[in-house]
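By letter and in written order, the chains are A, B, C and D; residue numbering begins at 1 in each of them.
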Amino acid sequence: MAQSHITEIRVRYAETDRMGVVYYANYLVWCEVGRVEFLRARGANYADLEAGGLGLAVAEATVRYLAPARFDDRVRIETILTGVRSRAITFDYVLTHAESGTRLATAYTALVSIDATGRPVAMPAEFREALVGAR
Amino acid sequence: MAQSHITEIRVRYAETDRMGVVYYANYLVWCEVGRVEFLRARGANYADLEAGGLGLAVAEATVRYLAPARFDDRVRIETILTGVRSRAITFDYVLTHAESGTRLATAYTALVSIDATGRPVAMPAEFREALVGAR
Amino acid sequence: MAQSHITEIRVRYAETDRMGVVYYANYLVWCEVGRVEFLRARGANYADLEAGGLGLAVAEATVRYLAPARFDDRVRIETILTGVRSRAITFDYVLTHAESGTRLATAYTALVSIDATGRPVAMPAEFREALVGAR
Amino acid sequence: MAQSHITEIRVRYAETDRMGVVYYANYLVWCEVGRVEFLRARGANYADLEAGGLGLAVAEATVRYLAPARFDDRVRIETILTGVRSRAITFDYVLTHAESGTRLATAYTALVSIDATGRPVAMPAEFREALVGAR
């Protein structure tokens, strides 16, 4: 099921801190961008999912910081689906400096599908199938 | 009606940028903190207002940056109510370095009360009265 | 001298707030993205400018919010150079919903060129010339 | 060496997302606030450390999200020093809803002391001693 999607962002000035590099929390924002684009590429639009009353809440997130990203760098985000169950999805991420190929960070998130009241619920079958690219 | 409220925040590392000072958009976050505390001091809790189906949307914001704020600085936010109409509120802000007294920025925001669909609506009379400190 | 540049961003989940729309401070982040791309399109790389010991500090910023931007919207940022002097640059911005063409916001920023100590200094002639597209 | 420090923040509107709860990356910002206050309480000012040419770069961060934090909630951040070596520090964090006592999240960060060029260097002895409360 090794499924992945690659997207790219450019580091914004707003994302840097006074150490001159990207502030550590912002890598999780980029992971979210990667996830949304992964879903879009599979026709599983996240905004539509929410319009249907469902959300994906992050239950756990880990980032390993390997090399700093800097202002104006182009960063390549590889989002890898590593698991899908009825109420849970896990992704790995590999963030790379687009020009040099330097690995900047790896990350992991576990998401749980919840309804409007915050309770875990099963994802719609068609959403799960879209995720794994089944037909 | 010169009504004002003072609150204080401490600059977070996350709020700085690689110029070594606070990123310019973050001053608007601090103005929001000042507004919320202004309201709370008058018994007009903003979370309660939203629980009642009403929101305050920003229609205009201006910041004049006078001196940079830096990591770990304590910043004094003076929030000054300058106008209240049935559907609109305006605030001025004066941001000062708490220790040195240096003026860091002045700001202005105009807010419009909206319902859940985003349409302008009159604020509840009790909310407006609380705002201006009437009894 | 009506010079402008258009770039586009997609609204991130991180940029929304619990009102369901983009948090008001984030429009200033998008203006920064617009400015950086304006400069790049003229060969005036902002990272290079800083590498040379110069920065552009925002002295004033204004945003007028016309319609809300929402998660996953594509937003078109038009950055318009409105003035260049030896130590100062002004830009206007028009933010538009890329699909519907709805105008979301207009903005204005005034920037001052400063050295590493924060003092206003003249910009290099070649930088100013690049800005206005002179040859 | 079970050393901990407690500080408290109030959730800002800026920190929420359209799910109506705090956006997941912001918990790492709060961990940073907790760390800085932990250090301050031990007389080990982080701004001073950086003024001496040293920084603490995050090498790894993990957050487990247990219950959502919402706008205007007061959040109690307990920062627990779990390890100090010559070039590395580890912290655990427990984030709790201040009023209800509900546990919101637990987190972990590993930090490495680096010089201005980003190379790992030993922390000053007095800084390490301050950290562990030695005399």
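Here is the rule we go by: contacts are C-beta pairs under 8 Å (C-beta built on N, C-alpha and C of every residue); 3 or more make two chains touch, one makes a residue touch a chain.
All of these numbers come straight from a predicted model, not from anything done at the bench.
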Identity of the chain that, by mean CA position, is farthest from chain D: C
C-D against A-D, pair bridged by the larger set of C-beta contacts: A-D
Centroid distance [mean C-alpha coordinates] between chain C and chain A, Å: 27
Gap in Å, rounded to a whole number, between the CA centres of chain D and chain A: 24
For chain C paired with chain D, centre-to-centre distance based on mean C-alpha positions, whole Å: 33
Multi-chain contact sites of chain B, meaning residues that touch two or more partners: 13-14, 18-19, 21, 25, 29, 32, 50, 71
Chain contact topology (line, ring, star, complete or other): complete
Residues of chain A touching chain C in the complex: 12-14, 29, 32-33, 36, 45-47, 50, 71-72
Chain C residues touching chain B - in the complex, by the definition given at the top: 18-19, 21, 24-26, 28-29, 32, 50, 55, 57-65, 68, 118
Complex contact set, residues of chain B against chain A: 13-14, 16-21, 23, 25, 70-71
